[in-house]
């Protein structure tokens, strides 16, 4: 009987944790679909749309994300101290969120979105619901993976100053990441990939440099290379 | 080819990432401590279980020669738990849950087995948790999650099976308690088999819920638990059908030690 | 049903098996100590390797800021080795070889990488073993087997690849030492690529012999080593074909820092 | 060049260890074939052949085994301290050897072959080449696995006193094994199986007991059960 | 434009099929939880609880299942001809349902639940939503897997006639399955397992028979079995 | 008897479904061998053979495919409503068919083969046997995988305008796919791969652009791309 | 050209070997379905049907098998020396054939079907197409696996002399196999399983013996067994 | 007696086949060690050592291989018609042999080593011991896997014409393989891998072409390739 009672309690607890998880997942699916939307717009930078206009729409979505993370936090407030119990359910989506925020931030300001800034944007600044450092770092790696493609397309569109700026940024970023001691885990793998991003950007920088495209204005550069080959 | 301005020493993010480095290093160190504690606890718990398998009666306190053996292992366990208790506070309790769960489960297996041997009852999660925190003798507390508790019980059914089969082979009957906690004789209709069936029934009918890892572990262990029940059921069946052949009026050879009636279960 | 004479307490083999118990317990404890030491050594070695990946030149002593970082990890490693050295004496050296080999290999990886960075040479097995035993500062010695040495070198090729690619990306040339041990300039025809090829060639053409476990591990790691060589070869190929486009008479923009000529490799 | 030299050394060392292993394996194959022979004869106990004659042949082989283990020891003397490096190559065969020796010993004397006795029989009493305790214990478990079958066939052949003797022996053995602290390894698995051997022998003992077959002589018992059922 | 139009259509179709699948899954989860309940009660037969009372509760659940399958059928009516497109989503649960129904039916009547009877019980007798034959057969195999344990526990509880009855049942069942020409798939594997159930029941029958524990005299029981098929 | 009767029915049903499957497979093998032939010719585009002549042979095979799909449809007409039961038997081959048709169509017209056009070509426009949307989409992904290789080889052969055209096509295609809300399945995985095709084509476009190899002035080309979506 | 010529030759060769394989498989499928039929009847021995009548039907099928093996031989005559190239395609079925023939032979005569007898029955006595010795031996092991079940069911049906006969047979068979020096392969594994069959039959023999159920006096039976080997 | 006699024969046969296998393995191990030596030298082509000198050593080993294959053939002559029985014992090594011979041949002549030429080099031109076609083809695939790395390193060493030559070779080879109708086996898998080698070489060719690094003018190089097949 006592055993029966115990297992009835367990049943209730597992049900509760299950329903909590369902609610978490519902929010996470909304986060996922919001990031999908943001990403769809952001991808247009590769087609060289003017950045400021382009950023308007995804920036408007940040508020939505903040609201969604707030809803997550509310759910988790029901089970204090269990952030890491359910963490796996939103990790991957949060990493994507970070990568998008950091990319937008970089497009606007040219510098790295700080961890605390990311927390602020998402309203994650209380002790019970924070932005896990590993998730932040992985998100930054994801962003770095987008940069070579961005540079390629910018140069194609005639922006010959872009490689230099990106090179400086990614060199700094890579140098900072080298400070970390990583285990053989996912973050390590992502960081290992970052050196190829760096290398690719360096190559593009070199390409424009040897063609003397950096110094002059864009339109001139354009014409000049046409006469080359 | 070109280069950034002399390089990396000047990266503006360096100092921030030094902070991340410290945070990550601490995180990895805590994780590593939990893994090692878990190994130690597992090894000591296994030794306790081995010692407990030497017990031959159900429902009385563990004989002194055996509890003398298990004591140092309990000491190891509690000091290992105490050493990582600070790493398992607040959010970190669940953060490293997967690194300490092995030890917690094996500990649950050991103390629930001992509790069963002494009282022919299943220890509650609360009692197990209280025993752990009392044993540690430190301020910080460690929780035994429902999942740890249940997975530990699963393993315990295997020990119950070993205990039951060995008892049937050496003593000849299905074990059951004959005395209450104070040593008074009692009439008891429960046996290890009925308890094992009850426990397995509870475990089997519990919906393991939405935690994928737990559901997977539980369903793996359920297979073993079912096999354990099956083994004991077959052994009891064997006892019974052989007992049926005993000629009417047959009495055990009195030159042998007295033993249980097999109808007793 | 019947029973043995009241049972087991009287088994004549009890006292002998108590001896076996002690022997097995000691055996398991030694094994467990080696496993834990191996984990500690592995973790510390990985941290050393990370720190060494911050080095930017080949062929000079590790910069002080980096060696200051690695020193405590070396301390951890040597004290971990020293702690299990007594467990690895005599016959036991090979008995627990499989339990300590993980740590030994990762240690080999770390020190051979450091040695390479400093001298652009591969450390010998003897030198590595001497360094380990000197570091431990205890009487008991630990051997680095040919297998541990080789498997450690395999892993080191991965670090060489990372070092080479990162260098090419940040500095723009294939790394090679420019100075001898005393800081005097030298003419050097060897690069990381040629060294990596040489090492990979040696590893690939070594017949791994009859030890099944070693042969299996080596053949797995060889695949990774080949990939590392391939990555560096492709990177160098990329450097070269891009370099070929440099217009005649082109000079680097002097506003940038001076850098290596890419023909240097 | 120094690297080349090193790897040449390694080549030599690995070759040497390989050839050592080949020589070890050659001896081990002879051990294996000797135990196969011994086992073939010993299996006849299940057909109730008179034990003393039956043991003659396999006992004669013990000397062969001793000689073979001596050859193993000689090989290993070339690489002092490397017993456990090659141990895996003869473990399984040695466990079989122990099980056979222990079974024969038990058939003759009714008691357990001690570890040191096994070492003596095989000439393994120096510090460099010993009988590993785990191998000894696993061998004993293998022997225990044979006992239920032996009892069944002895009872079938009319030896009603056999179950009692075996039961006593295996009970003692099982009690002694219960003293050990085992990991979840092969020895643990074999020991876990031993309780079923014990149970089976107990059952057979019970079978003959309730039929009152133990006290009387064999032939009488035979006739009596014929009238039963 | 035509490209966009086409993908908008696809978007709608994929959403529809996704939501259909979600609705199917919701029903299937309810089926699953109903069968869990039924199973929990049925497990008690192994503890030799009196069958008629024990069956009351799970029998009451059959109506629930029927209702749930009706809801499934309603959902599927929206996409005629696509039964097998979504079939995988309820197969495994339906196999469990069949095994429970068949076990209950056998406990009550001693005979096999027919395919059409199973369809009737679940209200699956219209042409669009039927009980797939393979699912039925696999469910029957699952039921057969429960029988050896049932027989063991019945004998322990003193029902010595049970092995004979179960043996007759499973022998007939096995013979019937043998008529089918099964491919090398899951059903074949489950059927191969039935052979072990049969063997196991034969052994238990042997155990009680050789000990003369069967209720009737041997000759009578024997004739009955022989006259069976 | 009723048991036997039931299993006889099952036997018949299983045989029928088995023979149906055999007939389906026979047709599918012919489809497979036809696509192999078409593919062998199409591969020559990578060697820069003039497209129109090259397409003649594979275009002639489309009629063969249509005939084969008609045969499939005839077989399936015997079991109405079971299209998705056997769907798995021809999925993979049909995806290959779509990829070939779409590649040929693109080579000729420069635009995407529509789903309905693919159905027309294969005669799959009746309600019972249609072209599954997912198969169509996967086939399109397969086609996209061929494009980078095509571009590489065209540029090598001196067609420097090719990257721009392909980039426009694959950018549009990728954007269209982005509208879909894909589950985590095979299609999602193939679509994720399309991103790499896009990136590779962007890189080749970059290569020809930075070297001034494009035939027309950039500004014009640029506008064209920008005016596209 | 010479390259093309060579691959055209290869094409022809691969096609030929492929079509040969198809023809072999067709025959093997018929063998498989014949053995299924034979087996279905033979399984009735476990229900204690009178053996002679029962054997009639499967014996009639032996001619069918002979004819099928003849067809196999005809196919193989086209590629002399390649028996072992395609051997894998009929091994497993042939092992089943041997086990059925040997079981039938044993039921009729009580002795082992010899290898040459099996070849005769199947018409495999020419040098090019023989019965591989390993296949024969594995088939015999399969047969041995059926014996414990047979004995159990015979005793249940009241034939108490059966265990003794089977025990003698399987003891001899096991002893004969022991003479072989088997490698660590499938045959070795099957032979290791035979030990369990032997043990099980010993146990059943024990069961009937201890209950005095054997028809004849023990001493006689005993002598017979002992005089055997 | 007849039973014993038969198993004695089997014993002899199994021993003979075992010893045959041992002798085969001894030769195969020598082949393996010879190929290891050849491979070690050949690996140096990736370090751009001058080819003619480099080939001297491995060419000298071909005679050794021929001698070894002759010894294999002698062993197999003892068991006529059993080539394919033991074929598995030397397949994998022979595939390596073919890949080395073909690579050396290509380095010297720039064309494919024919099947008959490979047989000649190894002395395998009699009817009883031939070079299995599949082994030859797999060996060729292995060789193809080496080509991309070779091209990369040759370009690095300044040989800009190498990609064109290798591309022509591997394009022809791939086209020839496409003629074969491969089953889903190991050879098919290796051939599928060849597609990646081809693609990789195409990319390198593209790299040198777009940078104008090819020795001849574009038009000339182009024509040559186009006139090739």
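Think of it as A, B, C, D, E, F, G and H in the order they're written, each chain with its own count starting at 1.
The definition used in the following text is that contacts are C-beta pairs under 8 Å (C-beta built on N, C-alpha and C of every residue); 3 or more make two chains touch, one makes a residue touch a chain.
Keep in mind it's a predicted model, so treat the numbers as computed, not measured.
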{"item": "Starting at subunit B, fewest touch steps before arriving at subunit F", "value": "2"}
{"item": "Magnitude of the superposing rotation for subunit E and subunit F (Cα, nearest 5°)", "value": "180"}
{"item": "Interface residue overlap between copies subunit G and subunit H, same or different (over half shared)", "value": "same"}
{"item": "Separation of subunit D from subunit H, taking each centre as the mean of its C-alpha atoms, in whole Å", "value": "50"}
{"item": "Distance between chain centroids, defined by C-alpha means - subunit C, subunit D (Å)", "value": "43"}
{"item": "Centroid distance [mean C-alpha coordinates] between subunit E and subunit B, Å", "value": "35"}
{"item": "Intercentroid distance (Cα basis), subunit D paired with subunit B, Å", "value": "34"}
{"item": "Overlap residues in subunit D, where contacts from two or more other chains coincide", "value": "171, 174, 178-183, 202, 206-207, 209, 229"}
{"item": "Overlap residues in subunit B, where contacts from two or more other chains coincide", "value": "1-2, 4-5, 7-8, 25, 28, 47, 170, 172, 207, 245, 253"}
{"item": "Chain-to-chain touches, reported pairwise for every pair that qualifies", "value": "A-B, A-C, A-F, B-C, B-D, B-E, C-D, C-H, D-G, E-F, E-G, F-H, G-H"}
{"item": "Residues of subunit G touching subunit E in the complex", "value": "33, 36, 40, 43, 46-48, 149, 152-153, 155-158, 204, 207-208, 211, 213"}
{"item": "Subunit A residues within the subunit C interface of the complex", "value": "171, 174, 178-184, 192, 195-196, 198-199, 202-203, 206-207, 209-210, 214"}
{"item": "Footprint of subunit E on subunit B - complex, ascending", "value": "194, 197, 201, 204-205, 207, 230, 233-234, 236-237, 240-241, 244-245"}
{"item": "Complex interface listing, subunit B residues touching subunit D", "value": "46-47, 50-51, 53-54, 162, 165-166, 168-170, 172, 235, 238, 242, 245-247, 250, 253"}
{"item": "Residues on subunit B engaged by subunit C in the complex (per definition of touch)", "value": "1-8, 25, 28, 32, 35-36, 39-40, 43, 47, 56, 170-173, 239, 243, 252-253, 256-257, 259, 262"}
